[in-house]
Amino acid sequence: MTSETMYILAGVLLAALAMHRLCTARDALARILALNVLSVGIAMLMLLAGRVAGVTDAVPQAFVLTGIVVLVAVTAALLSLAERISGGDDD
Amino acid sequence: MTEAYVLALLPFLAAVGAAATPRMAAIWGLCATLINLGASILLAARILSGGDMRADLGDWPAPLGISLVADGLAAVMLSMTAIVATAVALQAMSWGLVQPRGGQQRSRLQAGFWPLWLATLGALNALFLSGDLFNIYVTFEILGLSAVGLTALTGSRNSLRAAFDYLAAGLAGSLVFLLGVALAYAAVGRVDLAAVPALVDTATGRLALGLIFAGLAVKAALFPLHFWMPAAHSSAAPAASAVLSALVVKGALYLALRITIEAGAGIEVLRIALAVLGAAGMLWGSWMALRAERLKLLVAYSTVAQIGLITLAIGVADDPSTSAMWQAAALLMLSHALAKAAMFLAVGRIAEELGHDRISGLNRTDLRPGVAEFAFAIAAVSLIGLPPTAGFIGKWLLIDGLIDRGAWVWIALLLGGTALSAAYLSRVVSRCLRGGPHVAPGARRPEWRTGDVAALGLATTALALGLGSALPLTLLNGTAL
Amino acid sequence: MTELLPLAILMTSLCAAPIILAIPERARTLRTTINLTAATLKVGLVAWLSIAVAAGGEFNLRLGIAPGLDLHLQADALSVLFLALSAVLWFLTTIYAIGYLEGGADRSRFFGFFSLCVAATVGIAMAGNLFTFLIFFELLTLATWPLVVHRGTAESHRAGRIYLAYTLGGGLALTLGTVWLYALAGDVPFAPRGVLGDLPQTAPLALTAIFVLLIAGVGVKAALFPLHGWLPLSMVAPAPVSALLHAVAVVKAGAFGIMRIVYDVYGVETVQLLGLAAPLAALAAVTIIWGSVRALTQDDLKKRLAYSTISQVSYITLGVALLSPVAAVGGLAHLIHQGIMKITLFLAAGNFAEGRGVKTVSAMDGMGRLMPGATIAFTIGSLGMIGVPPLAGFVSKWYLGSGGLDAGQPMVIALLAGSSLLNAAYFLPILYRAWFRDPPEGAPVKRRIGWMLAVPPAATAALILAAGLLANAPFSPLGWTRFIVSLEYL
Amino acid sequence: MTQLFDALLAVGIVGVAVAALFANDRFAAVGAFMVMGFLVALSWVRLGAPDVALAEAAIGAGLTGALLLRSARRLRVEPKMCQSRWSVAASGLISIGFAGLLYAAITSVPTVPAYPPLVAERLGESGVSNPVTAVLLNFRAWDTLLEIAVLFVALVLVIVVPVSRVRPAPLGEMVVPFAKVVVPLSVLISGHLLWQGADAPGGAFQAGAVLAGGGLALVLAGAMRLKKPLQGGILRATALSGLAVFGAAAVATAALTGHLLGYPDGQAKIWILGIEAVLTLAIAATLVLLFHGSVRRVPK
Amino acid sequence: MSTVLDILGTAMMTAGTGFLLMAAFAFWRLPDLLSRLHALTKADTAGVALIVCGAACMTSGIAAVLSLVLCGVLVALSGATTGHLIAQASLEDEERA
C-alpha cells in the first residue's frame, strides 16, 4: 500500500460520497458542498493520474488550478442564487 | 485562420465592453453579432474552397498546446449559431438601443442580457472550434454559467429556482465530464481530441468515454437527466429561452457527435445506449408536450423530444468512416436550432400580445392571429419534419441509412415521433385559428414589431433550408474523419 | 427561355401566396386584382406550355438537394393534362370565391392559403421524380388544412383534426415508401413504362410492400375505401374550398398520384408481374359501390356530393388498375370530366346555400323556379355524372367499359351499369324536387346572387357540354388522353 | 514513517469529508469543509504539487469557506425530503459500486503521460522556469483566458444582474486592528508570490487569492465603504480589466506573431509577467466583489 | 553544535504537539463554549509557537526562519481575534435569545 494508492482511495471515496450526497440531498447548501467535495476528489484523482516515478506532471496541475478557480466562481454564483431564492428580497 | 480567432475572441471582448458600459450594451451586442455573422460566413466559404484548417495556439503543437480545428461540421455549427445570434440580437433590440439613465427594471434586464448573451456566443464559438477536451470543459463552464444568468434575468421567483437547479445540474454534469477527462488522461496520458480513438482500446478509456457521455447527457438535457430543463427554458425571457433551447443544448450534442465521429465504430455499447435514451426522450417529451398547459412549457418539452430525436440520430449512425449517416444528425441539429429559436421568439411575441401564454386562451376573438402565430406555424412545420424543411431531409437521410441496415424498430420509432410531434404542435396551431364565425368587428391583427421580423425570418430560413440543404451537406462532407 | 416555363407556372401562385397573406384585411381591391391577375397569368402560361408539349417540347428543371436527391420539375403529357384542369378550374373558382366571401372575415388568410394550395397542386402535376412529388404532396396537406378550419367553429376544427390525422398518416406512409424505394433503386424519375429495371426479379416482396405503402399514402387523398373518412367531414369548409379542393385539387392529386405510381414508377409490366393490379381494381370497385350506396342516404346536399365524389374518383383508379390502353384512356378522360362535373355541382350547391339558405336535399323543392340558372347547371352536372349520352360522363364511362372488355374483365360492364343506376338513384330525386315541385310560399331570399356567383357554374356546365360533344377534337380532354396513352403503351 | 503520515492524512481527509457532507448542522459542515480543504492542500504538498496546494488552501478552502460562511446563515433550511429508505440505499450502493469501478480503472493501467517530456523540452522557450506557470500562461494560455472569462461571467451574474442584495455586516471594531496588520502583509505576500511565480510555486491565481483575503479583511472590518459609486466603480473596473487586458494581449500577439497567444520570441517573460500582474489585481477585485455581492448604486 | 540544535528542536516540537493534543482533548471534554474557547486559543497559540521555534532550530538559513516566525505571529494574531469575535457573537446570541 504505497502512499499513492492511499491518496487514490481517498480521492475515489471523496468522489463517490459526494455523488451519493448529491443524489440524495435537496437542501441548497448540502448540494453546493457536495459539488465542491466532488471537484476536490476529481482534482485529487487528476493529480495522482499524472504522478509517474515520484514526479507529478505539470499539465494536470494546471488543469486542477483552473478547476479550482472555475469552481469558486460557480460556487459564488450558486450561493448568490440560493440566497436570493430563500432571502426573497423584493428587488 | 484569422476568422477563427475573431470568432473565438470577439464576443468575449464585446461582453467586457457591454458590462463596462451598461447603458450602451445594445450597441456592443449588435456590432459584435454582425461581425460574428460575417466572420462565420467567411470561414464557411474558406472551408468550402480550401478544406479543413487547423491552427495551433501559441504555435505549440497539438498534445502540449491547444489547437483550433475549423472543419465542415464546425463551420455548419458556427454559421447556425451566427444566424440565430443575429435573430436574437434583433429581438433584443426591441428593448431599445441606448438605455435612458435610471430606467429601473428594464435597464437591469437590458444591462444583464447583453454581456451574458455575448459570453454565451463566445463560449459556443470556442466550443465548436476547440480540439482539446479540457478546453471544452472550460467552455462548458462558461456556457452553463452564462445560460443560468440568462435564465435568472427575469428575476421572478420560479425563474431563480429554475436557474439554481440548472446551475447545480450543469455543474454536476461538467464535473462528471471532468472526471471522464481525468480518466482519459489516466488511460492515454493526453487529453486532445486526437487521443479519442486510442481511448477505445483500454477498459479505462471506455469508462472515460462513458463518463464523458454521461456528463454530456446532463448538459444536453437528454431524457433521464433532463429534469432541470423545462422549468429553466419556460421561465426565461423569450430571447433568452430561444438561446437556451436552440443553441446552449446544442453544444453538448455537437460534442457527442464529434466524439462518435472520432471514436469510429469502437463504442457500439455507448451508441446503442444513446439511441435508446434518445428514443425514450423523444416519446416522453412528446407525451409531456401533449399534456402541457402553457405554451412555453410545451415548447420546452418539445425541445426534450427533439433532443431525443437528435441523440437517436447520433446513436444509430453507422461508422462514420464508411457511411455519411452522421450528417443526418448534424442537419437535424441545424434545422432544430433555427426552428426552435423562431418558435420561442414567436411564443414570446404571442405572450406579449395576449398577456398570457395559456394554450386554452390563445384564440381571443378581438385579436386575430398575426405574424407571430404564422411564424409559430412555419417553425412547427420544420420541427415536425414535413417535406420542404431541412428536418425532413435529415429524417430522409436517417431512414435511408436505417433501411440499408434493415433496422425497422428505429424507423417505426422515428415515424412515431414525427406523428406525436405533429399531434402536439397542431394542437397549438389549431387553437390559434379557432375564432368562431362572428369575429368581433373591431378585431385587428397585431402590427409588426422587430420581434416578429426575427421570428418570421428564422422560421422561413428553416423552411427554405430544406431546399438549400445542398450547402450544409457539402460543408459536412469536408469534415475531418 | 422557354424551359423556365414550368418554374414560371409554379411561381405565379407560390409568390402570390405570401403577398396576399401580408395584405391587410381591408385592402379588398388590391387582393382581388392580385388574385385575378395570377389566375389569368397561370391559364395563359399553361396554354403556352400545352402547345409546346404537344409539339414535342421537353421541359426539365433540376435543383440538387443532397447526393442522389434532387428536386425535378418536368412537363410531360400527363402533367399538362392535370395542369390544364387545375389552372382553368382555379380561375373560375377564384372568381366564385371572391363573390362568395364578400364581407367575410380573414379573407387575406383564405386567399393566401388558397393560392398556396394551387401552387402545391401545380407542383404535384409537374413533379419529375417521386421525391418532388412527395414534397408538393405534403405541402398540399399543409395548405389545405387552414382552409378546412377556415370557419373557426368547433365543428370545423373537429373536421380539421380528423383531416390532418388522415392526411399526415398517409404522408408518413408515402414518405416511408419513397425512402425505401430510393434506398433500393436510387433516384426514381417518372419515365414512361417505369424505371425499376431488374428490381422486380431481385426484390419482389419489398416492391409489393413499397407499392402498398405508396398507394396507401396516395389513396388517403384519392379517398379509397378504408381511407376516405375525412372527405365527408371536411364538407364543413366554405363552398369554394369544398368545390375546388375536395372535388378537384386534393382528390385528383390522389388519383394523379396513383397514375404516376402505376404508369411512371412501376410501369405496366411490373404491376402485372407482381400481380398488384387485381387487388387495386377490386378496391376501386368496392369504393365505387360503397360510395354510391352511402350517398343514397345522405340528406345534406354537400355530404351526398362528397360520397358521390368518393365513388367517382375510384372510376379513375379502376381505369388505371385495368392496365388496358382503352381503360387507361377512359380513366384519364374521367379525371377531367369528373372534375368539371363535380365542380359544377358544388358551385351550384354553394349558390343554393348562399341564395336561399338551402343546404339539404329535402329543402330543394321548386328551386328550378326560384334559382333557374343554378338549377340548370346542377341538372347538366347530375346528368353528366349519371352518364347520359351527349355529356362528358358518358364518354369516359364508355371507354372504361370497352377498356374492361379489352382487359378481359366483363364484370366491369356490370359494375359500371350498376353504379350508373345508383348515380341516377341519388341524383334524380334532387332534380325531380327542384323542377316538378312548387316552392314553399314566402321562401326568404337570403342574398341576391351576383354575377360572380352565377357565371362560374354556368361556365363549367358549358365545359361539360363541350367535352361531351367535341370529344374527338385534338385539344379536347379525350383527344389529349389518347395522345398520352399512345406514349405510355407504345 | 512517511507512509504512516500519508495514511493518517488520507483517513483524515475522508473522515472530515464525511463530516462536511453528512453533518446536519450547517456551520459544522462548512467548518469541516474548510478543514478538508486544508488537509487536501497538505496532501498535495506531499504529492509534489506545491502550486496547486497553495491555490487549494487560498481559494478552495479559504475563500470558498468564507463565501459559505457568509451565506450559511441566510439560506432557509429546506424540510428534510423524506426520501424513501429504498432510494437512499440504492444510491448508496450505486456510489460504492462506482467507487470500486473508479479505483479499478485508475489503478489498472499505468499512465504514461505524454506531457512531461514535451514540457521539459519546451520550458526553455517559454520564458519562465516554473513548469506550471509555463503551462498556464504560455502553452495553454487559451485555457486560462477562458477561465478568466468564467470569473467574468460569474461577476456579471452577481454584480450586473444584482441577483441578491448580499451584504456581509461588518464584524465590529475588534477586526480593525487585525485588518491593520493583515492587509499590508497580504499585499506584501501577494506581490512576492506574483514575482516568485516565474521560477518557484506561485503565480497570478495564488497572489490574487491572497490579495482577495486582505480585501475580505477590509470588507469585514467595514472599513471599505463600497456604497459610494466611485469606490465600487474602481473595484468593478479592475475586475473587468482582467479579461479585457488578457483579450487585448491575445489580439496583440496574434497581430505580432500570427499565432493567437504566441508571445514574440525572447519577450515571453515580459508578456507573462505583465499579464499576471493585471490578472492578480483582477482576480482579487472579482473575488472581493463576489464575496461582497452587488455594489448597490444609490439611485439619485 | 548542530546535533545539540537538532535535539533541542525535536524536544520543542514534541512539547508543541503535546500542547496541541491537550487543546484537542480539552475541546472534547469541556462543557460550555466559553471555557472551550479559552482553552483552545491559549493551547493552540503556545503549541504552534513551540513547533515554530523547534523547526527554526532545525532549519538553516535566515529566510526560512523569518517565514516560520511570520507564520507563528499570524497564527497568534488570528487566534486571538477569532476567539474574541466568537465570544462576542455568542454573548449577543444569548442576549437576543
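As written, the chains take the letters A, B, C, D and E, and residue 1 is the first residue of each chain.
Here is the rule we go by: contacts are C-beta pairs under 8 Å (C-beta built on N, C-alpha and C of every residue); 3 or more make two chains touch, one makes a residue touch a chain.
Small disclaimer: the values here were computed from a predicted structure and weren't measured.
Undergrad: Both subunit B and subunit D are touched by which chains?
TA: Touches both subunit B and subunit D: A.
Undergrad: Which chains does subunit C share as contact partners with subunit E?
TA: none
Undergrad: Most contacts: which chain pair?
TA: More C-beta pairs are in contact between A-D than between any other chains.
Undergrad: Return the chain label for which the distance between chain Cα mean and whole-protein Cα mean is smallest.
TA: Closest to the centre of all protein C-alpha atoms: chain B.
Undergrad: Going by average Cα coordinates, which chain is farthest removed from subunit C?
TA: Result for the farthest chain: E.
Undergrad: Please flag the chain sitting at the greatest distance from subunit B, going by CA centroids.
TA: Farthest by centroid: E.
Undergrad: Express in whole angstrom the distance between the two chain centres, defined as the mean CA positions of subunit B and subunit E.
TA: Their C-alpha centroids are separated by 56 Å.
Undergrad: When the C-alpha atoms of subunit A and subunit B are each averaged to a single point, how far apart are the two points in Å?
TA: 28
Undergrad: Please tell me the distance, in whole Å, between the geometric centres of subunit A and subunit D computed from their C-alpha atoms.
TA: 12
Undergrad: Roughly how many whole angstrom separate the Cα centroids of subunit B and subunit C?
TA: Each chain reduced to its C-alpha mean, subunit B and subunit C end up 42 Å apart.
Undergrad: Which parts of subunit A, given as residue numbers and ranges, touch two or more other chains?
TA: If we look for residues of subunit A contacting two or more partner chains, we find 15, 28, 32, 45, 49-50, 59-60, 63, 66, 70, 73-74, 77, 81-82, 84, 91.
Undergrad: In subunit C, which residues are in touch with two or more of the other chains?
TA: none
Undergrad: Which subunit B residues sit where two or more other chains touch them?
TA: 64, 134, 138, 141, 145, 148-149, 152, 155, 160, 179, 183, 185-186
Undergrad: Can you list every touching chain pair?
TA: A-B, A-D, B-C, B-D, D-E
Undergrad: State the interface residues of subunit D toward subunit A in the complex, per the touch definition above.
TA: Touching subunit A: residues 2-3, 6-7, 10-11, 13-14, 17-18, 20-22, 26, 29-30, 33, 36-37, 40, 43-44, 46-49, 51-52, 55-56, 59-60, 63-64, 67-68, 70-72, 74-78, 80-81, 83, 87-88, 91-92, 94-96, 98-99, 102-103, 106-107, 111-113, 115-116, 119, 131-132, 134-136, 139-140, 143-144, 147, 150-151, 153-154, 157-158, 162-166, 205, 283, 287, 290-291, 293 of subunit D.
Undergrad: Would you pull the subunit A residues touching subunit D in the complex into a rising list?
TA: My answer: residues 1-10, 12-21, 23-24, 26-30, 32-34, 36-37, 40, 43-45, 47-52, 54-66, 68-77, 79-84, 86-87, 89, 91.
Undergrad: For subunit B, which residues count as touching subunit A in their complex?
TA: For this pair, the touching residues of subunit B are 64, 134, 138, 141, 144-145, 148-149, 152, 155, 157, 160-161, 163-164, 167-168, 171-172, 175, 178-179, 181-183, 185-186.
Undergrad: State the interface residues of subunit D toward subunit E in the complex, per the touch definition above.
TA: Residues of subunit D touching subunit E: 171-172, 174-175, 178, 181-182, 185.
Undergrad: Quick check: in the complex, which residue numbers of subunit D touch subunit B?
TA: Checking each residue of subunit D against subunit B gives 101-102, 105-106, 108-109, 111-115, 118-119, 122, 138-143, 145-147, 149-150, 152-157, 160-163, 237, 240, 243-244, 247-248, 250-251, 253-254, 257, 259-263, 299-300.
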